[in-house]
Amino acid sequence: MSDKAKLIALIMGSQSDWDTMRHAARVLNELEISFEPLIISAHRTPDRLVQFATGAKAKGFKVVIAGAGGAAHLPGMTAAFTTLPVLGVPVESKALSGQDSLYSIVQMPGGIPVGTLAIGKAGAINAALLAASILSLSDNALDQRLTAWRAAQTDAVALSPRDES
Amino acid sequence: MSDKAKLIALIMGSQSDWDTMRHAARVLNELEISFEPLIISAHRTPDRLVQFATGAKAKGFKVVIAGAGGAAHLPGMTAAFTTLPVLGVPVESKALSGQDSLYSIVQMPGGIPVGTLAIGKAGAINAALLAASILSLSDNALDQRLTAWRAAQTDAVALSPRDES
Amino acid sequence: MSDKAKLIALIMGSQSDWDTMRHAARVLNELEISFEPLIISAHRTPDRLVQFATGAKAKGFKVVIAGAGGAAHLPGMTAAFTTLPVLGVPVESKALSGQDSLYSIVQMPGGIPVGTLAIGKAGAINAALLAASILSLSDNALDQRLTAWRAAQTDAVALSPRDES
Amino acid sequence: MSDKAKLIALIMGSQSDWDTMRHAARVLNELEISFEPLIISAHRTPDRLVQFATGAKAKGFKVVIAGAGGAAHLPGMTAAFTTLPVLGVPVESKALSGQDSLYSIVQMPGGIPVGTLAIGKAGAINAALLAASILSLSDNALDQRLTAWRAAQTDAVALSPRDES
Amino acid sequence: MSDKAKLIALIMGSQSDWDTMRHAARVLNELEISFEPLIISAHRTPDRLVQFATGAKAKGFKVVIAGAGGAAHLPGMTAAFTTLPVLGVPVESKALSGQDSLYSIVQMPGGIPVGTLAIGKAGAINAALLAASILSLSDNALDQRLTAWRAAQTDAVALSPRDES
Amino acid sequence: MSDKAKLIALIMGSQSDWDTMRHAARVLNELEISFEPLIISAHRTPDRLVQFATGAKAKGFKVVIAGAGGAAHLPGMTAAFTTLPVLGVPVESKALSGQDSLYSIVQMPGGIPVGTLAIGKAGAINAALLAASILSLSDNALDQRLTAWRAAQTDAVALSPRDES
Amino acid sequence: MSDKAKLIALIMGSQSDWDTMRHAARVLNELEISFEPLIISAHRTPDRLVQFATGAKAKGFKVVIAGAGGAAHLPGMTAAFTTLPVLGVPVESKALSGQDSLYSIVQMPGGIPVGTLAIGKAGAINAALLAASILSLSDNALDQRLTAWRAAQTDAVALSPRDES
Amino acid sequence: MSDKAKLIALIMGSQSDWDTMRHAARVLNELEISFEPLIISAHRTPDRLVQFATGAKAKGFKVVIAGAGGAAHLPGMTAAFTTLPVLGVPVESKALSGQDSLYSIVQMPGGIPVGTLAIGKAGAINAALLAASILSLSDNALDQRLTAWRAAQTDAVALSPRDES
């Protein structure tokens, strides 16, 4: 990627979340949207969280995508420190299958929003697509790439199921 | 509001959802963001849904806020027909307290995103705020109003609890 | 199968649902009920959905069986566009084991019905059997085949359990 | 209603379920479909259940609508004794809000189908509508009444929400 | 076992439940309590269910242990036809991990009791032990065997954990 | 009641559980089964629990009915100290509607059984009925009273629902 | 209370949480433990949170009791900034009855602990008692007060239930 | 470890819980906190439980860490018999993934507290850390070791995710 400020901060609570969040990275790459992947643990590196979230706007980020699991506080706490749009991805947890992650991210009190996507891989893909939608509002070229991406997705759906061989 | 195209489409599945969604309307008004409230039932008025969703971009809407309850298909189906950002508000349902609404909105498959907010009133408020965040990316005046709104919210938090009298 | 119009439309949201829905296909075959298996994604191919659902009655279908997972909007949206009986099969999802699929299908608002079966394979089998029950109301030969199928099922239940060898 | 055999058996586990199931009765009346409301408790009157279910077809019923709450065995056990289409309505229970009713009705094993509707009033309405869809397959006049009912429902949806006064 | 009437009917909904219910059989054997294992499907063999349940008392059974999964109607329907004590074992189901089985068995309406044990293997073991407790009330020798069984269980608990090697 | 040893110990965790457990008392009275109602809090009066549970058999109790809510340890801990049959009633809790009570009572590990009934009033009624079933095994007069009680219950079910006036 | 540093920081996310957390305050008062009640919203006043949590130890607090509802990040984020013991109270939320609060507080990742109590009033009481237990380890007088408090609680449990009059 | 009284009692309901609880043991070892691991089954060895819990304070233990699964009564019953701080770890159960363990431990009634940690391994680690926090209040050297442990944990978080190779 270029030297320019990245558009998307793609943050996650730990290395283990990367297995999920790399799907967001892949889609951002396909749509040619610059991003910076970062590990920021709300609990183990709270200072890093504060520093990142308070400075994200000044650094030029336009959207934050945040993935976390269990008592997932990263998206909500980031949103508490910035007015940038924050999109949350509940990472599937071991015991509770991501239901704890989902509740911890989506049930924000009125006043601090986190746009929450589905649990796991689908949510990571969709966080990238929603970020693209947002950026497309002021970027016609991206809007066209997104529209083409969506059209290609539509075209890829077969008319009838086939038995696996 | 002025004659100009409204920025936000504030759609909901039924009149009964208005009790929740009017909180989004209130916050949009406070932030001086134009919007158009519409009842669109994915199930009872599917043609209206298709017409709205396929035409929303051309009509000048920038963000769609969609509230629905139970088997809440309105946000996801709207997202299927447009590349505009769609924000979903799970309206609290009678038997399952909005857990059905939440799952129906947030668990979208990879490919079609809906940014989901909390169940009920908090979600409606936050959908408005997230829409404001998105529009602020290319509207400095709104960005300042949003920042002021958030600061006022912070200032309104008392330092210690008081007994109700 | 013959050239005649198929009786059952067996639709599903993606190729991956076929692993579940082929059990419906198998039972329909056993009962000699004609059907057409189709992939229709409510989210990725919404136009295909509208086209199918609005035209299903004219094409001669009598019953629609629709399987989908996660935020499963296919059965309900199909029902929104047709007065044909629609039977929904919640496909087991990864994180939430099909509880999201179930809620998204069964919790339809009053006005648009979807007859919902069990999550997964059992639901697919039963969707075929319920479709057979419905068609049997005006098809004596099918009624006899269904009665025989049910009797054979009863006879196949052993009197006492045996240890696996 | 006339002397003719009723088309629908509208059964329920107890008098207290009538508060829910009368919504099915109302819709059946609106669609001019004859029905017979009966209390049959799978647990307190099991002989009545067996007698009803084994004889329902011979009595001329075409569809059974069965509502029950808690460990709701009435729909499934009825389906075990007949090949008529059985539609189940999970009645909202006190402690678990109908989640127990829903699971007890919808999670039938492969082999014996129950078409399950939503918990509570919406499910009762939809059971009547699904029964109407089924009967419409061989009754053109009913098909027209159902189509008209659905169109009226669509027309009744206002374009925009109004504040309650 | 001897020619005498068996004390316990150990019934289950299908062959696949035997993998769980054989743990009840093992404990009954250890406690020298006679039993008869039977497959009775409430849904696929409802006549067998009626015949068994109405005749269980006359055949000399003292307690019925019934295991079933999903929409598990076997224990409750058996209890509907007999005044013998019925103990229910929720067999772990695929999608919902036995939560559906548990609700379907334990949430019986007032009037017809089923004594419900834990989901899966632990429940099967405990159904046998509870049956032994019941029979012990009028069988001193069994009471002593049960007391000894329990004491041996207590003695088998090590004082401190050991690392697996 | 007479001077004789009571047959049933009807224990509960607190005064507030009596509102539920008095339904068990009522049914025991109807069936002329002697019982002693006691408040025993597993957590606030653990010594009372140990003393009761270790001495229950010697005091002549035949069955223990134990009701508790939330982290409901009373039934399971009683069962740990006695080989008498213990029947557990999950009392409906405030926040989690008795789901916590249910899990805490029914999910006992293999080795120590608690026969669990439904959440709340229905469970209390059924605990009394199951205790009656157990005692009936060696008490013909009670068996007849129980059979009559059940028959009266069956007879009391009306044939068709009536509108409330 | 005296001029000395307070021992307990009793923090909560909003004024509305006081209705729950005042039960902790009452018990702390009964045990003569000094405390300071503060409103700190993790989301609306994140700077206040950081300032409080990083300075709590230096200010002389020994234990933090933190109550919050919904996506309850206050206890976990406080724990991220301090090594003081943090006790979390899940406040009952509207739609999800505190299940979201509970998951958001208890499911902390390995590395940052929050000792979580029950949802609602019981949890608030117990947070105060657990704090007392902790402080008692190095305060004999408090240990005696706590022991007396617990003994009085035990003595207050009646032996048998009474009907409300 | 030395001859001195151990500071922590690390108790668990069965050998199988050791796979989870050994993570607590590892962290206690890293922090040089003495502990004694013990198997105490609330249900299979209730006398051992009473003996341990009533004597724990006199034996010199300062904190009890208790892990158990399913109907997990060990932490709460221990807390009933002692005023020492009791920390509970819900061990992941087979069918319900530890949700039953969590509810059985955390939902204690007001009056007897258990500080509950996360389900499984994370909870075991955090129980050790919370115990360390508690002991640190009167042990400066431990406080420094804990602070260093936490700092090392923070330092170990990489800045950006890496692809697994």
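Annotations
We just call them A, B, C, D, E, F, G and H in the order they show up, numbering each chain from 1.
Operating definition for what follows: a residue touches a chain if its C-beta (ideal position, glycine included) is under 8 Å from a C-beta of that chain, and two chains touch if they have at least 3 such contacts.
Given the structure is predicted, the values throughout are model-derived calculations rather than measurements.
Both subunit D and subunit H are touched by E, F.
For this pair, subunit C with subunit F, the centres built from the Cα atoms lie 44 Å apart.
One finds 34 Å separating the Cα centroids of subunit A and subunit G. Chain centres here are Cα averages; for subunit F and subunit G they lie 35 Å apart.
Computed centre separation for the pair subunit E/subunit F is 19 angstrom, with centres defined by C-alpha atoms. Residue positions of subunit D touching 2 or more other chains: 14, 41, 44, 70-71, 96-97, 99, 106-109, 111-112, 118-119, 122, 153.
Counting only pairs that meet the touch rule, the chains in contact are A-B, A-C, A-G, A-H, B-C, B-D, B-G, C-D, C-E, D-E, D-F, E-F, E-H, F-G, F-H, G-H. By the touch criterion stated above, subunit G contacts subunit B in their complex at residues 12, 14-15, 17-19, 21-22, 36-39, 41, 44-45, 48, 70-71, 94-97.
Interface residues of subunit G, counted against subunit F in their complex, comprise 92, 97-99, 118-120, 122, 153-154, 157-164. Subunit E meets subunit F in the complex at residues 23, 62, 83-87, 102, 106-119, 121-122, 124-127, 129-130, 133-138, 143, 146-147, 150, 153. Subunit F contributes residues 13-14, 41-44, 46, 50, 69-71, 73, 76-77, 79-81, 93, 96, 99-100, 103-109, 111-112 to its touches with subunit H in the complex.
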